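Labels for the chains are A, B and C, by order of writing; each one numbers its residues from 1.
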Amino acid sequence: MNILLKEVRHKPLLWLLAFVPVVFAAAKLKPEAHTLLFVLSVLAIVPLAALLSHATESVAAKTGDAVGGLLNATLGNLTELVIALTALAAGQTMLVKASIAGAIVTNTLFMLGTSFLLGGQKHHVQEFNRVSARMQAGLLFLATVALLIPSAVATADSSTQAAFTQSLSLGLSVLLIVAYALSMLYSLKTHRELFASAEHADEGEAPWPIGLALGTLAGVTLLVALVSEIFVESVQKAAEDFGMSPAFVGFIVVALVGGAAEMASAFSGARKNRLDLSVGIALGSASQIALFVAPVLVLLSYVIGPAPMDLQFWPGAVVMVLIATVTATFVTNSGRSTWFVGVLVLMVYFIFAMTLYLLPPRAV
Amino acid sequence: MNILLKEVRHKPLLWLLAFVPVVFAAAKLKPEAHTLLFVLSVLAIVPLAALLSHATESVAAKTGDAVGGLLNATLGNLTELVIALTALAAGQTMLVKASIAGAIVTNTLFMLGTSFLLGGQKHHVQEFNRVSARMQAGLLFLATVALLIPSAVATADSSTQAAFTQSLSLGLSVLLIVAYALSMLYSLKTHRELFASAEHADEGEAPWPIGLALGTLAGVTLLVALVSEIFVESVQKAAEDFGMSPAFVGFIVVALVGGAAEMASAFSGARKNRLDLSVGIALGSASQIALFVAPVLVLLSYVIGPAPMDLQFWPGAVVMVLIATVTATFVTNSGRSTWFVGVLVLMVYFIFAMTLYLLPPRAV
Amino acid sequence: MNILLKEVRHKPLLWLLAFVPVVFAAAKLKPEAHTLLFVLSVLAIVPLAALLSHATESVAAKTGDAVGGLLNATLGNLTELVIALTALAAGQTMLVKASIAGAIVTNTLFMLGTSFLLGGQKHHVQEFNRVSARMQAGLLFLATVALLIPSAVATADSSTQAAFTQSLSLGLSVLLIVAYALSMLYSLKTHRELFASAEHADEGEAPWPIGLALGTLAGVTLLVALVSEIFVESVQKAAEDFGMSPAFVGFIVVALVGGAAEMASAFSGARKNRLDLSVGIALGSASQIALFVAPVLVLLSYVIGPAPMDLQFWPGAVVMVLIATVTATFVTNSGRSTWFVGVLVLMVYFIFAMTLYLLPPRAV
């Protein structure tokens, strides 16, 4: 517990933890102040996500390479998963889908692009492990195909369409999880030497003792779930007050909030000329959401949701995920980056953000 | 003839030739037993295709490099061509189109992916000739553009649309055949040194004497044509009995049957760490179907078919061919492969197969 | 003035300048002879564009690297800009859009493909600066995303759609111009050493004195504007006489006329084995039109046009621009080229040209 307090004292980001009790109090006292609750829940989720991320890494560090890699790979996006599960339980399937597509796009474009830009401002030309980036891009490509196909073969006949999409989504979810499991077997076991420089690139932080790490993992996950409930309830109405379209909220706002902790790590890695770390976090996180979080949500929607979720996304979202994947493949192909590569990637993101911001409310 | 018998004795695959007389007898005696006829005709076509393939290679080996390459390049997919011509003569344009798109997708994804997987299980990292793979991928890309454009510029006005699609398909077919001819000039004559390791990589089999080879070529082509008639007649009804959609039959079943002989060669090459051979067969076969077989069928449809065939495909098929081409370009770009690359490619194929299997019958 | 005359005497292309007075006389005497006026105005624009191009380069050479690069980058497509502005002032928004998309496609496919083909016929294998080609391809990709998104997220509700497309187009135009400005900062200043061999590759021509160059720039721009007026007025009706669809005219004819001068430079560079120059002109010109000319036209349409122009293109045009960008990315990826690469690229162009030629008039 001492270590935890020391950690909090040295990391200004964690001072935001003060907002956790504040948001619970506010939700009790002013349940209709949506904008206030939205802002407070965002401020509370960000430090919780950072704690969660550090706790996962600490457990991973203690359990050895294979299990640790597995843990990192499954719990790395625990915040996104918990937020999405809360939204799913509240029946907000549209928000869940938007936040999945948004998280893929935000990690691939915003996190990767900003890493390239920040790193490139300090270092003239940076290099990174192409093999690792190519595998992540390949996984993203596979997930994109899985999201694209249900829309591409959609039939006009709506009676058969629903059942078809449902069973296809179940099958695709199983395939994606199998592909994800095999990718771990590949990168952690059979060909781990190819991924050498990108893996286990610790951030210079000492791991916590296992007891503290496990306790934090459990306790903070619970806190994230509770704050997420307030976040999910308030986000749509707050967005209206801010004049944002629902698509913009799901795609951009939720994705940025859910990924804030990882972004901090990725950006700091880029500044330290450890671009392998940044590319690994950005693309690894995107492919994890696409091949693990999304299909797990589809499968869990049969258990916890009021209605099952499928993998048929709004065509605009599919196009954006597709463009994001192509962009990632294109820029990681050479294994080198400069600040302008970051600009190009960010510009694609800004095009999406602007489009979603301007989109008329009923369009999605 | 002695050689032929010896060949049959040493290759278990050729024992299936016993099904050739069986299928003819069954077609006479039980013309309504569609499922039986389907299974028997598949069992008969596979060894015939293997014989045809070996006869073509033997003639090619005897006629010298340039003519031989030309022969291989035009007769290499004779089985697919004969099956498609039989279907065309029977007026089954939809089945022909599905089998063309299916053969491109199956060769690009299933044959290439399985080669990578089988080779990668035995050899840690495999290398292959990038230049050759890039040219094949480029040809496939060109063919994909030709298939994509008629759908992309389709007009709402159906009266002018039909005439437009017809004349466009004729023009595109001529362009594709010209491109294919120039690709042979390029790889067999002006820049043959770039393709060195991939070309004429014999499989350790002795070529047949020219007389036997030519006789086999003629006789077996006739047999394939006769069995194809039974196959084409029975396949749709048999598929219904098996609960398969027509799209699945055309795309997956016909393509697997037509390409079985080449797959055997490609997989055996991959196990022997001769991945150049496997990639050459898989992508070469796909681009040959796209740039030679398909346009020849369009041109011949004016002569033999009850109605002319065009190049406007079902949009879902165009998307699948496009994704297959992008996948091939992506994975052959580095010139190296491991088992996981094979898994990625096969997963894309499984996504397509699953989608087509679940597709409601009236969707295509 | 002496230098100018000497220049004219030594360059047969400039003899076409004789058509400038002819076209003005013809426009006065026979204003209804559309086909004649069309042919004459084409013959007059081509040498004017060549003069304009040389004048821009001369001013650029005198003003030092940074300003010169800037000038080349902004005035390099002055002919296209003046023609488009004339069409915009005449309210022909459709023609402007078709000519923008057509110029991107023509430069990327026809100019690049012919350069590869002509260079490859003389030189076995040619190499060029990949870094420069990759940046141009990246810029083109960004512009393609900007053209793709308005169509991809188009809503069925037409009342909100128009306002949405309008404001989105304005925002995208600003983003594209910013990206273009940053690309100049990158290639001319921060990372200019990466572009070494492609930049300032003069064609062995002596630059003009600054006075002559500036005078020519001003005078010839005015002449191009005047001839463009005749061209824009006559082109549609002349096309009908020739049996061409309006889409073919905008996409192919206007683009070829506007880019004739640059094509002469690119082709001559390829023959001299200076493929860096050819690739730089072809892709640089395409990305300049996409990221500078097009957005400037959108912004200026609020000032000079009868109606504002947006960035929502005909879907077929978007698909063609997308395919052209992918083709450019694919073939420039290896940094090497042969004649067959040129054939592949040209074939894609011929597919587009044939499709547009055959397209029924009302389709676009």
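Criterion: contacts are C-beta pairs under 8 Å (C-beta built on N, C-alpha and C of every residue); 3 or more make two chains touch, one makes a residue touch a chain.
This is a predicted model, so every value here is computed, not measured.
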Exercise for the section: Compute the rotation angle for the C-alpha superposition of subunit B onto subunit C, expressed as a multiple of 5 degrees. Expected result: 120
Handout entry: Same or different residue numbers at the subunit A/subunit B copy interface, by half rule
Key = different
Handout entry: Centroid distance [mean C-alpha coordinates] between subunit B and subunit A, Å
Key = 41
Practice task
Spell out, as numbers or ranges, the residues of subunit A touching 2 or more other chains.
Solution key: 333
Handout entry: Residues of subunit A touching subunit C in the complex
Key = 124-125, 315-316, 319, 323, 326-327, 330-331, 333-334, 338-341, 343-344, 347-348, 350-352, 354-355, 358-360, 362-363
Completion exercise
Residue set of subunit C touching subunit A in the complex reads 134-135, 138-139, 141-142, 145-146, 148-150, 152-153, 155, 157, 160-161, 164, 167-168, 171-172, 175, 178-179, 182-183, 186, 190-191, 329, 333
